[in-house]
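Structures are listed in the sections that come next.
What follows is a pair of complexes built around chain A, which joins chain B in one and chain C in the other.
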Partner chain A sequence: MIDFTLIFRILVFPGFTFILLFTLFCDWVERKIEARIQNRVGPMVAGPGGILQPLADFIKLLTKEDIEPRDAKKTIFKFAPLLAFTIMVFAFCFIPVDGTSVFSTTGFSGDLIIILAFATVANFLLFLAGWASCNPYGTIGSARVLTQFLGYDIPLFLIALTPAFIAGSLQIATIASDQAGKFLPFILMAPWAFVLFVITMQAELEKDPFDVPHSESELVGGLETEFTGAKLAFLHLTRDVQVVFGSALVVELFLGGPYGPVIFGPSWIWYTLWFVLKVLAVVLISEYITTVVARFRIDQVLSGNWRILLPAALLSLMLTVALVTWVYPLLV
Partner chain B sequence: MSNNKIDILSIVASKLGSKVEIQPGHLSTGTIIAQNGLHRDVLKAMIDADEKTGITAITGLDLGATIGVYYHVHTSNAFVTIKAEVPKENPKIQTIVDLHPGAVFHELEVADLLGVVFEGHPTPGHFVLSENWPIGVYPLRKDVKPQEVKLVPTPASEEIKLPENERLVKIIIGPQHPALLEPEKFAVTVDGEIVTKVEPRIGYVHRGIEKATESRTYLQDVYLVERICGICNSIHAAGFVECVEKIAKTEVPERARYLRVIALELNRLHSHLLTLGHAGLEIGYETLFQYFWRDREPIMDLIELTSGNRVYSSLMTVGGVRRDIKETDIPKIKSTLKTLRGQLPFYRQIYQNEPSIKLRMVNVGVLKREDALKLSVVGPVARGSGVDIDVRKDEPYEAYGEIPFKEIVYKEGDTWARMNVRMDEVEESINIIEYAVDHLPSGPFRINTARSVPAGEAVNRVEAPRGELFYYVRSNGTDMPDRVKVRTPTFANIPSFLKTAIGESIADVPANFVSLDPCFSCTDR
Partner chain C sequence: MTDTKTWARVKSPWVLHFNSGACNGCDIEIVALLTPKYDVERFGVKLEPSPRHADVLLVTGCVTQQCAERLKRVYDQMPQPKFVVAIGACACSGGVFEGNYNVLGGVDKVIPVTAYIPGCPPRPEAILDGVVKLLNALNPPKPKKEPKQAKQPELPKEEAKPEVAKPEAAITQTAQQVVEEVKPIVKQ
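Showing the complex of A and B:
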């Protein structure tokens, strides 16, 4: 027997279609916030308030000519952007949006590790995409992507362990629901970890001040330099999904996930609403950081990672372990 | 200032005596005619006497049987021209680069355009002209007709010389590159991330404006020289018309002198705001860029209000200005400037203290005071390195002598200091415009002048937003000039970039470079 509910959940809500539309919506919100902070108007024309602009950009890129450089490693060049997008969407499927993940379950023990690994693989595919284009700017840009995520993945994992320690579980749904039931949201219980996590996420997502892989005054288009048409569209889409994925992770780990008060009617509507609102709040914070600082230099980014963020992440972990062992039991 | 008393002409006279001919008062402070290689001795005497001696420009000009090589030298309180001549058949002259490294590009330019061979020059070769320019044709010589020049085809691919050491990598920045808004090429050799050598190549937008002025009337030339630079267009026109007025001994009406100051300072204001914003873009600070360019827009409106044009103001003319400021426009000017002044504390706070700006700018591209003097840098680049040169103070032109304002000098010499010099100069410019508007004399704003200009020559220096701009005009008594020489500030400042980039990270190149406020259209002319 075919499970139509599962197909619907995978293809429509909260699966593929929802993720795609939500990503495009978040892209619009980001652009609008950035524009307003910078005293511009942002997208205006396509749809009410320009809300359809990201979709229009995506479709436009799909219709453009697809050029492949002669020297490019064709297979990787072709498939890496698509594969990166697929993996990001797949990783997103494990995030509980309406109370459960796409598969109508609350996940399995250790899915936090799995989705962080997926995010790393997607980043690595982006690196491969740039590397395979055999363009000097693309190569340097990808090398910077690699250097940066190798550095920042370690603190990201370490800080992501903080909520896991407090909740005593490596399952995202448990971590999220514990914040609603057993404890307070972890942003209140471990605010230092929240701050560190947002900063690390900023570096993982290559946003200002950590956007050295895209530094256009040195690297032209970075790893995207040789990409055109549909491949470029998917590279952009992957980036946007990454941003939403990162924000969703912050929401799940620190802001209590999709859980919030259910006032009337079915709970999944309210959970989706809370999820969307919380993700938008994180996007706002991240965009605010992006707009008010200048870009660091690559060596400053790296020394900031190894000298500041990594020790801070270790300290945060030690502090959490201490608190979980001796202090929180007294409070709860 | 203690060395204000140096009388450079009498020092030269006492050292070289009767070997050189000194004409005090001709071409600013004076002219020294030094033939047969004596120009080196004169320059050496001047450098020994005054540490602020520097080469402003070298003018090459076709004098018929000979080629004149005029060295325009500035000292702390004087501006002297050393004249030398070489025969046309064998145009050889000793280089002065070993005495003063700042002359390196000036000599290359004269060599390219007039065929003068500078013996002992460290890096001879094409500098302004393209690679396919025929050998033996020197465009600024009078017998060369531009329409008859036949370009020689170049080989399909340029031969790239690889560095001998395998650790070194050569990165070509330009002619097309997102960090450069205009086409110019810099071949940067890097060892890992560290820059070890920078080789510049200019001339990608060389339009031959100096040659073109010779076949147009003085009035047409005013508009032509304005086209040298889109940003500092008024100042180019002012530099040229002042030269012509000096030759023709025209007295400009008092009101026109103030109106010119207003136009020039509006130019400086919008140019500085543009650079301050553009620097933000180069270091990935887009918000700063958007803010500065938003506040620059009202200044553009003021330029349109006062001159009728938004970009190319076409305000200057020989004998005055073409348009008066209406009494009813003055409140608008004042209120716009007041709004801008209100924004300045915020911007200054950002440029002085914002941590990510300081990370990218402090101690980046440090130019020491000694080097700044040796390389004859000008404008905010020199003032950021503690060298107090500003033509508006040193040799006041127009009404600048009557208007009080501060000369901004920072001692640090890094990118941060250069940007902060501009930041503080924005406020001084506002002060100057407000003072000029308040003290605007009455009377005519232009006088009519004759079409032809008597034979003669004149030099003129004005302070453009990017630094000192130099004009030399020679007239032969007709209505067209015989020779117009333009030395733009960026041309003088590029050597400092070659110096400061070395030993720093390649990632610092854009920030360092934008702090020169480079303008390549000016550089190429």
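Showing the complex of A and C:
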């Protein structure tokens, strides 16, 4: 017996097609916000308001010649970008978009750890892609990716534990639904963790002020210097899916997930609407930070991580544990 | 399918800027094109750092003997389909440096050039016009639509003249009337 609902969910609605289109849409929103802050108009010609610009870029890259450098490690060079994209989309599938995740379930206990691990693996594949291209700039860029994400993964995991402690669960769907039912959204209950999480996410996604791995003025194109055609298209797409995934994670952990008021009709339409609006709000915050701040040096990024962010994450965790044990039971 | 491919290529030309020995005049004009005043990102044009990502190579300045080999190498690194735009008088022909001991000449001495934009330096509008003409060359004209465009409505040229002349006639008539009215008063 083939379950057609499941196939539809995986391929079309909260699954692949939805993720792809939503990613391209978020890319357009980012470029528009950046352009408006810089007193420009941004993409305008491709489609109404330039909304098809990311799609045009993607199709153009797919149809370009695919060059493989002679010294590149062929197998890794070919498959790492595609695999990184696949893993990011798979990680996205565990996020409840319309109340349930893609697999029509509310996930399982511990899927928060799984998707954070998937994000790490995708980052590692990006590092491998740059390393296999055997280009000096690509190699330096990927070494920086590795240095940065090894450092910032630890605070990210520690801060992601804050909502898990308050909800008493490591299941994303439970954490999200607890904010709608049992508690307030965790942005109000633990605002310090929200600020820290957004900063760490900025570093994890390699956006300003932490974009040292692909700083154009020093490293040409960073790890993607040597990539052309379809491989470059998938590298760009992976980066965009990572941005949407990070924003979705912030929404699930701190902004109450897809849950919101259902005014009329079926609930999944409203849940999708709230999810999309909340993700766009997080994208706006993230892109605002990216546009207004300048880039750190690599040594400042690392010392900022080990000296400031890691102790802050530990303090935040201790504070959360204390509040969960003694203070929140009095309020609820 | 071909239409979609052409549409995507026309809507998203990523450029790489290469200075093969320019005085920086044309480079400043290119920078003016990319910055907020002209903002070519609205047409999908993006400045790319690596020749591997670029579709259009913008070359400024005459090609010096030293630079020729590097220019060739950068061109070879770009993936197909690729276009070269020579910007400024020097890039088109060598300009005032033509015949100098260390100058090879225009860009077309080294690599095939798709579009020439003369000027010293060309204005940003001129560069934009050149890029648009280059991209329109990618779009082959569609034969079905041409007959419809050929039927141009005739302008009503002859009718326009009397309309302009009427007020003058009216004024002269009134002036004559006034004179005729005034005459008897003068006689009196």
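What we mean here is this: the second predicted complex is superposed on the first by the 332 of 332 C-alpha atoms of A that agree within 3 Å, B and C clash if a C-alpha of one lies under 4 Å from a C-alpha of the other, contacts with A are read in each partner's own complex, and residues count from 1 in each chain.
One rule holds in what follows: contacts are C-beta pairs under 8 Å (C-beta built on N, C-alpha and C of every residue); 3 or more make two chains touch, one makes a residue touch a chain.
No experiment lies behind these values; they were computed from the predicted model shown.
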Partner chain in contact with A:75 - chain B first, chain C second, else both or neither: neither
First (chain B), second (chain C), both or neither touched by A:5: neither
Dominant contact partner of chain A by residue count, chain C or chain B: C
Partner chain in contact with A:209 - chain B first, chain C second, else both or neither: first
Touching partner for A:299 - first (chain B), second (chain C), both, neither: first
First (chain B), second (chain C), both or neither touched by A:220: both
Contacts of A:291 with chain B and chain C, given as first, second, both or neither: first
First (chain B), second (chain C), both or neither touched by A:44: second
Contact residues of chain A, present in both the chain B and the chain C interface: 38-40, 216, 220
Contacting residues of chain A [partner chain B, same complex]: 37-40, 208-209, 211-212, 215-218, 220, 291-300
Contact footprint of chain C on chain A as seen in their complex: 31, 35, 38-46, 50, 52-53, 55-60, 63-67, 216, 220-221, 224-229, 232
Touching residues on chain C, where the partner in the complex is chain A: 4-5, 7-9, 11-12, 36, 39, 41-44, 48-50, 52-53, 55, 77, 79-81
Residues of chain B touching chain A in the complex: 177-179, 193, 280-288, 290-291, 294, 354-357, 359-360, 505-510
